[in-house]
Structures are given as C-alpha cells and as structure tokens.
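Right after this note come the structures.
After this come two complexes, each holding chain A, first together with chain B and then together with chain C.
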Partner chain A sequence: MAIKFPSVDFFQELARRMAADPAGFEKLGFCDTVMGVKVEGDSSHLYALTFDVFECSDVRELASPGDAELDFTLEAPLELWREMFESIKKTGHPEPAYSLNSLSHVGDRMRVVYDEPEGHDAFYRFMATIQAFVDQSAELEIEWA
Partner chain B sequence: MAYYARDDFFNNPEILARSVEILKGNLTLDWRDLDIERVKCRPSNARRGLTFADTNVGSYGWDQIPEKIRHNYSMAPRGAVQPPGLPHLGYDINRKSEVWADCAPALYEESKARHWIPTREVPWDAVEEIAHSDELERGLAQLYTDLTSMATALGDIPSKWVWRINQELLELKMFQCTQMFDAAQLADVSRKRAIAGGTGLGRDHAPLGELLKCVLDSGSFPCASASAHILLAGLMQIVLRHIGACSPNPADQTIARFGVQDVSRSTAYGIGHMQYLLKERPHEAPSLTGHLDEVENALVGYLASPMFFSAIALVTAGQRDKAPDAAPQVIALYRRFADEQRERRRSAGIGSDSSPLEAFVSELES
Partner chain C sequence: MSYYGSTDYSYNSDFNLRIQDIKKGSLDFGWLDDARDTVEVRRRDPRRGLTLEDVEVGDYAIENTPEVVRDNRGLAPRGAILTEGSVQPDLGPTLNKKTDVWGYRVQRYWEEAMSRQWNVTTDVPWQDMDKHEIPDDIEYAFCQLCTLLSEVEMIATDLPSKWSHHMNSHFQEVKGFIATQCIDEARHAEVFRKRALANGVGLLRASVRGEHALKGILEADSYSEGSVFLHVLGEGFILTLFRSSEFISPTPVEQRMFQLVMQDEARHVSYGLQHLKYLMDNCPEVRPQINGFLDEAERHLTGLFNPDQLESMIVLGGKGTTPECIKKGIEVVGAFQGKQIAEYFHRAERAGLPERKERSPLLELQRRMLGAVQAA
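== the complex of A and B ==
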C-alpha cells in the first residue's frame, strides 16, 4: 500500500521500521536530537522528528517552527525530496549526489536551518543514523503529493 | 625518577610481618567500616544503560564539584573515602570552569555508543575500484594526508592536558580519553585511505605545520580548547564534509559520514566549555578572543596556501583541467566555513569583530 509523502504517516512508518531493526540502529549508537523536516511546495509542510536513544519516538506536523524545540531543520522543495527518495529506492542507499551530506553541502540544494551552532553540529553528530533512517524508505511505495 | 615512595616498603619488616598475618587468615577488615553516602542508581533508560548522568547523585555527582578544588589532589575517585597520607598527584588544573562543559558526560557516553571500526566498516574494496581520475585521487590523497596530521594534533591536545587535570573532574577526563581514541582512529583511517588509493601519501607543508603548532602551543587549557575544539575540529568537519560531497567513492562516503560525527563531538564540547568558563569567569573572554584571532591568522595561512587551495579546487572540480573553474566553489566553501566559525565563536562567547578568517574570505569574495 502506498504511503503519501509528505505526511506524518510516512515518517511514522520509517519510525516503526527503525524500532523493528534494533541491531542496525544500536550499531550506529545513541541518537538524541529533535530535527525538523520541511517540504516546500504549493503547500509547505514542517515535521518534527524526535530521536531518543535508538528510536524515533515521536513524529508531529508543526504549524510553525516555534511549536517545537528543533535542533536543526532540513529544508528542501518537494521535488528534491522526491529525487532523493527515488535515488534511495534504486539500491537502498542514495547515489553520492543525493546523500544528506551532499545535498546539504555548499550548494544549498537542501538547507540546514538552525538557531544555534550546537544544533547544526547535532546534524553532523547524528548524520549516520539520520541517513540510515531515510534509507529505510527504499522499501516503501511512495505516493507523491 | 622524580618521585620516590615515602617508605622503603620492601625493606620494612612491619610490612612483611603484616602480610604473613594475613596469609594466616588474620585479615584486616577495618577498611569496610565506611562513613559514606549510599545511593541507588538505575538506568533512566534501559536501552541506554547506566550512564554517568544516572550516577550524578549526591557526593558522587559532578554537580557538587566546587569551582576551586581544594579537598582532593590524590587519585581518589570522587566520592571515595580519603584517608590521611594520600600523595599529592601534582595536578595544576584544579578549577572546574577551566575544563568543564555540562555536555561532556553525555558526549562521553555518545562517543562510546557511536564508536565505529574503520578497519572493517570502510568498504576498502571500493578503493580498488576507484571510478575517478588519478588526478582526483591525488587531490584526495593530499587532503587525507593533511587530515592525518590534523587528527594527530586533535588527539595530542587532550593527551597534553588530561594528566594535569584534577581527578575530581573524572567525567571530563574520560571524555578526553574518547577524544584521543577518536582522533587516533581518524588519523589511522585518513592515512590508510591515502595509501590504499594507490597514489600514496601527499606532502606535508609549512602552513599546515604553522597552524597545528599554534594550536598545540596554546599556553593554557582554555586557549588550547578554543583553538582545537572550535577552530581545528570545525576545519576538519568541513573538509570531511567536502570530501563526502565530492568523491563518489563509497569508501570516502563512509569515512566522511563517520569522521564528521567524531569531530563534531569535539566542536560541541568546545562550545560548551567556553560557555561554562565564561559564565564563571567572563573576564577571560578578551584574552581567549585574542588567542583565537591569532590562531585564525595561522588558519588563513593554511587556507591560502597554494597546496591546500589547489587540492581543494582539484577535488571540487574532479579533474585538473576544470580545477581553475572551481575557484568560486572553493570560495563558497570558505564562506560557509567562515560563517560557521563565526556562529560557533558567537555562541561560545568569543566572537570577534577582527576575525582574520572573516577578513580573508571577504577579501577573496571581493
């Protein structure tokens, strides 16, 4: 069954899969951060994902960034998110140009927005876990908004 | 040998007589009579396990460490009974704010939990199947050579200071041990990657040496911390991110992803350390700012060095004939780095209106 992107259901499904793979995520270590995911389009959506130890314990859609204490937010147009997830779908991992690191690097295709540099550095401290989290989408059938 | 124990134990007949009595079964058990705090600690999260935060209770916790430590110069673990006659270990860092960051205990736990093993986890076979040009590989090898030296220096900083820090600050000292291991591992994997790529290690160069000497020769731990954890670790972070973004090789992708996480714990500590220090001793901000400006001056020498600038341009372009066209992208990379450094310095409380890095990048842009 297809899952719509962007949606709370989409990220909750990734969270469910993360919980079902303790060995994979325990190997990557503790991940303690609250990150935002902003999908820009005709109607933009902002989600807060709470990572706690080895799980994504909460997924919420926010009306505004101030509704949660976000360490950092990854912001990109829907089209870029789609390209990234379609790249992941091919092999289970993104092509190098579509890794979170590459997308968020100097070209600003994906923006990393933060209030404090500690939040920005949290993205890099936990990037391996966050990359593995989104890589789980390879097994999903995605219905694009 | 600079210190001789206060007794010649081997030639002391009382010692031998006491040992003989114990061997006969006449144990000395008065050490069990302790007037000491008893607490119960359990993991606040079973999956995380029992952490330092879970044992931050009563006299065992770090919350009760005084700003000036006057009561313990021995190797006694914090909270243990200290009988008379314990030797003075010669610590000369006995002020909590000189080294402490509230995030240090959690960073220690994080470091252990996120430990990775490059020997096995880097897909080394991918290096055999490099799809990029020899020229790009030469550029990558140069950056990995530089990273090897930087990582070694990043490990030398905590190892230079840790033994001088009072044992009461044990969580911080344990975190420094993980920094040393992380740095050793990053030096190890950078060196192996350069060699395994087939072009061999690159050149050392004076501008890098000048930068690392400025960091290593910092005259106090706060100065060393600001220059190593905020500036050097920040530089390493963005170089690793750039390698990960430019090289399509899975080995480089893996090294970048995990290397970045390791150095980012040091930047987190560096900012947390400065914040804690300057809350207690705000008058130290000007000297720390001046010191970091001076280290930034050496950093400018490195960023402007023909070898580093050319290597970054080559890696950015992917091939030599396109490297000159990559100059705008290299300047954009420097701009990003300067912006991130400015933000870290501001958050740490040591922002500067005369930052050499900012002036250099602005000059390049103009």
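== the complex of A and C ==
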C-alpha cells in the first residue's frame, strides 16, 4: 500500500522499520537528536523526528519550529525530496549527488537550519544513522502529494 | 630506568612477612576500614546499559569534586580512598583545575564515541571498488587529498596523547574521551592510507606548509590552547573538508568512508566547543591568552590551504582537468572554504569569543581568494 509523502505516516513507517532492525541500527551506535524535516511546496509541512538511543521514538508534525526543540532542520522543496527518495529507490542507497550531506553542502539545495553549532554538528555526528533511516524508504511505495 | 621508588618491596621484611601471613589465611580486612556508605546507582535507560552519567553519584560525581584537585597527584580514580599516612606517588599532573580540561556533556561524548566505533577493514565497502572506473586524473587528485588527510590525522592522534598523562586522574571522563579520539584519528589515518593504496597510485606529496600548520597544534603551551586549535579551529575546518570530500567523492566507496570519518570529527568538534565554552564561562580571565593564541593559530592554519591540496580539491570538485572542469572546481572549492570560515566564526561566537571575527586573519585570506577568483 502506498504511503503519502509528506506525512506523519511516512516517517512513522520509517521509525517502525528502524525499530524492526535493531542489529543494523545498534551497530551504528547511539543516536540522540531531535531533527526537523521541512517539506516546502504549495502547503509546507514541518516534522520533528526524535532519535533516542537506537530508535526514532517520536514523529510529530509541527505548526511552527518553536513547537519543538530542534537541533537542526533540513529544509528543501518537495521536488528535491522526491528526487532524493527516487534515487534511494534505485539501489537502496542514494546516488552520490543525493546523499543528505551532498544535498545540504555546496549549493545549499537542501538547507541545514540551526541555532546552536552543537545542534548543527549533531547532523554530522549521527550522519550514518540518519542516512540509513531515510534509505529504508527504498522499500516503500510512495504516493507524492 | 629513571624512577627508583623510595622502598624496595622485594627486600622489605615487613612487607614480605605480611604477604606470608595472608597466604597462610591471616586476613585483617584493613582495606575495608575506610569504606563509605554504599551508593545507589540507577540505570536510567536499560537500552544504553550502564552509562557514565548513571554512576555520577555522591563522592564519585564530578559536581562534588573541588575546582582544584590538590589531594591526589597519582593514579587514584575520583572517589577512591587515599590511605591516611601514606603518600601516593606524585606523577606530576599539570592539569589539576577543572577548567583546564572539562567540557559540558563530556560523559555523553565518551559514551557516544564508544557506541559509534567502526572498523576500516570491514565497514567500508572495499569489495565494491572494482565496480567503478575512476579516471586517472581523479584518482591521482584523490590520492593527493588522502596524503594531506593522513598527515592531519597523525597530529590529531598525537595532540590528545601528548596531554593525557598531564591530566589529573580525577578528570577520568576527559582522559577517556580523548583516548577515544586517539583511536578515531588512528582509524582515519588508516582509512586514508588504505584508500590511497587501494587502486595502486599510493600516497603522493607530503605538505611542508601543512605540516608547519600542524606543528603549531602540537606545540601549544597549554591543553586549552591545543584543544581550541585542534578541536574547534582545525577539526572544524576538517569537518567541512570531509563534508566536501563526501560531496565530491568519485564513488559510493569514498562517500561511505567520509560519512564515517565525519561522524567522529563532528564529535571532537563538539567536545572542543564545550571545553572552550566551559572555560569562558568559568575562567574568563584566560580570554586574552586564548585570543592571542588564536591570532597566531589562525595564521598557522592558512598553511592547510597549500597549493597541492587546493589543486587536488579543484580537480575533484570539477571532476576533471579540462578548463571547464577546473572553472567548476574553483567554484565548488570557493564555496566550501567560505563555509569553513563562517562556521568557525559561528562556533567561536557561541563559545563566547565573538571578537574572533574582528581579529582574525582568515577573513582577509578569504577576501584575497575571492578576489583572485573574480579577477580570473
């Protein structure tokens, strides 16, 4: 069954799959951060994903960034998120240009928004876990909003 | 042998008689005389096991340690009972004040480091290297980059090693964290060496300018100076370089490699930032000293912008050596160098040194580089 993107259900499904793969995520180590995902489009959506030890323990849609203490937020238009997930779909991993780091580095196609440098650095400290989390989407059938 | 103890226990008759008594079963349990009340340790989150924060209780907690440790200059861990009337050997720690080494959240960084260790031999998909064809000019440029990064990682291993035994054993968490940094950096030197050799090109030219810059880190006069140079300035710049290197990686193999090294590097930057912040919050009188040191450290750091590294990054960024590729590479490298400098100033500001932006020679360097790009 297709899952709509963007939606709370989409991220909850990734969280459920993360919990179902303890060996894979325990190997990557503790991951403790609250990450924002902003999908920009005709109607923008902002989600807070709480990573806690080896799980994504909470997924919420926020009315505004101040509704949660976000370490950092990844912001990009819907079309870019779609390109990224379609790239992941091909092999289970993104092509080099579509890794989260590549997208958010030079050119700032995806923006990393943060207040505190330590929150910003959390994105890099937990990069392998966060990338593995989104890579799980390869197995999902996605219905684009 | 340069240390001869004040007692030769092998010929000490009291000691030998006591050992003989014990072996005959005559135990006096004197080591229990000073035992304190038991402490209550609670595992706050079973998924994490037993963490350092879980055992921060009573006399064992860093909060209950005096700002300056005067009564222990040996190896006794924080909370151990020192025998009355006996003198522990003085191992000569020079970092006995909490502000000399401590950083907010250091216990968590140590736990995070332990749980996020990885293995160069098995966690990088070396077996996939044969699936990808890399043009010669890209491979050579990548191996030049690996050469510089290997040199950088050597100093990042040596700096924490150099200072660890100068730290009072009460600050076990910091000693433990920088021990994890040593193994992280040794692993980075390993991965860059292996990658340079994996396709047969091998290591290329070592950097004279780069090594002069790195020597400045090792020669810092205090741990805090060394830490702010290595962790905040140097590793902050290298973290952005790793991000860029992932961005311009020729294949998914190198991309994975940089994802893994970037995690470690970011953790070291976070500790450095929290040490600098702790220092500025609790010992603001060292601010002129740190600023004076950074004035020089930032000049040293420009040595890492050496021509060999710059050219190899431009070739990688533009994915080739044609004029069009080089033009694109210059743009890519210019963009990430701008990020390196901007992120450093932001970290310095949040740690309590907003004046870096006014004092630093880095902005002038950036202006000169941008001017050169525009003039071309």
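The rule we apply is simple: the second predicted complex is superposed on the first by the 145 of 145 C-alpha atoms of A that agree within 3 Å, B and C clash if a C-alpha of one lies under 4 Å from a C-alpha of the other, contacts with A are read in each partner's own complex, and residues count from 1 in each chain.
Everything that follows uses one rule, which is that a contact is a pair of C-beta atoms (placed from the backbone, for glycine too) under 8 Å apart; a residue touches a chain by one contact, two chains touch by 3 or more.
A quick note: this is a predicted structure, and the numbers were derived from the prediction, not measured.
Asks: With chain A superposed, do chain B and chain C clash or fit?
Replies: They clash: once the shared chain is superposed, the two partners overlap in space.
Asks: Can A:R17 be said to touch chain B (first), chain C (second), both, or neither?
Replies: In the superposed model, A:R17 contacts neither chain B nor chain C.
Asks: For A:L28, select first, second, both or neither according to whether it touches chain B, chain C, the two together, or no partner.
Replies: both
Asks: What is the contact status of A:R109 with respect to chain B (first) and chain C (second): first, second, both, or neither?
Replies: Touch status of A:R109: no partner.
Asks: Once chain A of both complexes is superposed, is A:R125 in touch with chain B (first), chain C (second), both, or neither?
Replies: After superposing on A, A:R125 lies in contact with both chain B and chain C.
Asks: Once the two structures are superposed, pull the chain A residues common to the chain B and chain C interfaces.
Replies: 28-30, 32, 53-54, 96, 99, 101-102, 105-106, 116-118, 120-122, 124-128, 131
Asks: Provide the residue numbers of chain C that touch chain A in the complex, in ascending order.
Replies: Per the touch definition, chain C meets chain A at residues 45, 47-48, 108, 111-112, 115-117, 239, 243-244, 246-247, 249, 251-252, 255, 258-260, 262-263, 265-267, 269-270, 273-274, 332, 335-336, 339, 343, 346-347, 350.
Asks: If we count contacts the way the header does, which residues on chain A are in touch with chain C in the complex?
Replies: 28-30, 32, 53-54, 93, 96, 99, 101-102, 105-107, 116-118, 120-128, 131
Asks: Please name which positions on chain A make contact with chain B in the complex.
Replies: Checking each residue of chain A against chain B gives 26, 28-30, 32, 52-54, 95-97, 99, 101-102, 105-106, 116-118, 120-122, 124-128, 131.
Asks: Please give the residue numbers of chain B that touch chain A in the complex, ascending.
Replies: Residue positions touching the partner: 45, 47-48, 106, 109-110, 113-115, 237, 241-242, 244-245, 247-248, 253, 256-258, 260-261, 264-265, 267-268, 271-272, 329, 332-333, 336, 340, 343-344, 347.
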